[in-house]
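Every chain is named by a letter (A, B, C and D) in the order it is written, and numbering of its residues begins at 1.
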Amino acid sequence: MTKGRMEAFSDGVLAIIITIMVLELNIPQEPGVSGLLPLWPILVSYILSFVFLGIYWSNHHHLLQAVQRVNGRVLWANLHLLFWLTLIPFVTGWMGENHFAPWPVAMYGVVLLFAAIAYFILTKALIRLHGKDSVLANAVGRDFKGKISVVIYCAAIPLAFVHSWSAGALYVLVAIMWLMPDRRIEKTLKSGE
Amino acid sequence: MTKGRMEAFSDGVLAIIITIMVLELNIPQEPGVSGLLPLWPILVSYILSFVFLGIYWSNHHHLLQAVQRVNGRVLWANLHLLFWLTLIPFVTGWMGENHFAPWPVAMYGVVLLFAAIAYFILTKALIRLHGKDSVLANAVGRDFKGKISVVIYCAAIPLAFVHSWSAGALYVLVAIMWLMPDRRIEKTLKSGE
Amino acid sequence: MTKGRMEAFSDGVLAIIITIMVLELNIPQEPGVSGLLPLWPILVSYILSFVFLGIYWSNHHHLLQAVQRVNGRVLWANLHLLFWLTLIPFVTGWMGENHFAPWPVAMYGVVLLFAAIAYFILTKALIRLHGKDSVLANAVGRDFKGKISVVIYCAAIPLAFVHSWSAGALYVLVAIMWLMPDRRIEKTLKSGE
Amino acid sequence: MTKGRMEAFSDGVLAIIITIMVLELNIPQEPGVSGLLPLWPILVSYILSFVFLGIYWSNHHHLLQAVQRVNGRVLWANLHLLFWLTLIPFVTGWMGENHFAPWPVAMYGVVLLFAAIAYFILTKALIRLHGKDSVLANAVGRDFKGKISVVIYCAAIPLAFVHSWSAGALYVLVAIMWLMPDRRIEKTLKSGE
């Protein structure tokens, strides 16, 4: 089974998620800057989620580059990942509209945590299909960044109830860590050629 | 006529349907968990519809894998299927917001029933184009799962007025039955090579 | 310049237009059938617009099949067509919510009329690029259906103010006329091979 | 790394942005023309933004035609461009609903300015990857239109507070300037063959 349609479908869902979030930026009634200023927490949470979805799209792109084929298990692992990502606009809007209150910030972390786990499952399903000695398996390696992200999310979720802005700062930390594209796969692919 | 654009258009529509449903999860005004709890029936109906749309996408993907070309009749059979699927966000939201009340649950079943019939028509249109001895015709075979789904929907729709949760349980049953990807086509394609 | 991205972009816009229309079907507050019945004019106008957009997608698909390349002029002729099509959800919702009142029905016809003209311009731009003796030019031929559609729209728009349901019936007539896929292009392509 | 998925994802985001803007055209409650007339500033701002997004899509299309491959830096330069473009529906709606009041018109210019800068960065990232002697570098050349656009935006933003309609006229001027597709790339590509 070819990977083309899975890529196209994922691109579609990610493109829509990213664009739907901007609908949370409700257009102010008043024409002055006073209508714009109260939107800043929504804009901040939008930027954070835009970056996270950009990271997922970019990593998904790298991951699928290293892959030759997919099967039913991979299709569903991918849909499972997309499910958690579709919840991002909801938690983004909730967090932004409530000025980073504890519960919304914690739920934002929960969605990020399950998305990270879903990405991990997708990686495992692809490695299982291509073999432990495949280019993909070497490229993914020990997946240090994936594991540390899960640890940080697990710390940030309870922290949100103590000091929600610190939890938010941890999410930003994870985003910065991932902003560098996954050179492991690029390198391994090159050395594989 | 090549199948590429029909696949791309279907992927686009399915990706948007899946993502639009999440807009029904209205962001609560209050920042606490008390704002989140009333959303559970909407979330449950969202998950159910997400799985159904995932099943349709996955089966559509398998079906089109076994196909070489399309014609005008197939394009319209596909649009007819997409029409019924576009109604899923509406019935999903109605069912979720009314806590699985009889009418919404019954209408949800009606939409699923017509989508199943539309999928059946699409399959027939493709078999008609490729011939009764084609790989596709062998792969689809007697279409046991498709027929039993229709029977279950026909039972669930009246049942919704007697005991709506049992009708909902029947929908879940159909989803579980389909969650396994359609190995018939995979197998027949392999043996055909 | 290859036609692939113009097809992909058009597919995306059409898929979103078709799916956005369904958002006009506002979910009723009440769980009974009494909440559903008032939606019938919105559903009827949705079905009509779904069919028109399906016709445009199908014809666009056929048209681009007969085409080898595009240029800047074609890209903009295509964007111009998409502009008029993006107004369809607006006039569809207005017409449905006002039970096919004169002004909404007339404006629906105006949007259809300009979309038909835009499709005609796109066809001309493609013929200009491929030459008057091209397969495409032969396939399009005298474009009888396109011309008669424009005539019917021009009659339906004033008629909407006299008897809006008759104008609506004329739109249905155009849709039925187009529902048969454009066999001219299929035939000419075949005989060209 | 191939450019296919970056094109597909950008097409998806642009298609959704263009279509989401039309949701700002709220359907009037009343069935008469009196409900339609107050919408004209929203329609005007929609048309302007549709043209700008069409220009970005068309230029993006030309740019990627001249490109053989992408890397992580290019993916993120592209996401950065898409970020600014996703803000266009917001400023379009704000400007239209407030009848081209100073602040919304100025913010519209700010978003256009940052999108122009992001496009410039994307071009540079692509030239860096393909080399200063590449077909792409020659095709882009001194980028006169890009530079003059930035100058006009920088003039229009303060002008919006003095005379907002003049600022709007400057945006229209930029759009007209760009409406001609980028023949530089087409020419250089041809001469390169």
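Just so it is clear, a contact is a pair of C-beta atoms (placed from the backbone, for glycine too) under 8 Å apart; a residue touches a chain by one contact, two chains touch by 3 or more.
Keep in mind the model is a prediction, meaning the values are calculated, not measured.
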Rotational angle, Cα trace of chain C fitted to chain D, multiple of 5°: 90
For the copies chain A and chain B, the interface residues, called same if over half of the numbers are used by both and different if under half, are different
Approximate Å spacing (C-alpha centroids) for the pair chain A, chain D: 26
Need the CA-centroid distance for the pair chain B / chain D, whole Å please. 37
Using the touch rule from the top of the page, what residues of chain D touch 2 or more other chains? 8, 12, 15-16, 20, 23
Of all residues in chain D, which touch chain C in the complex? 7-8, 11-12, 14-16, 18-20, 22-23, 25, 27-33, 35-36, 47, 50, 54, 57-58, 61-62, 64-65, 179-181, 183, 186
In the complex, chain B residues that touch chain C: 1-2, 5-6, 8-9, 12-13, 15-17, 20, 23-24, 71-73, 75-76, 79, 82-83, 86-87, 89-90, 93-94, 97-98, 101-104, 107
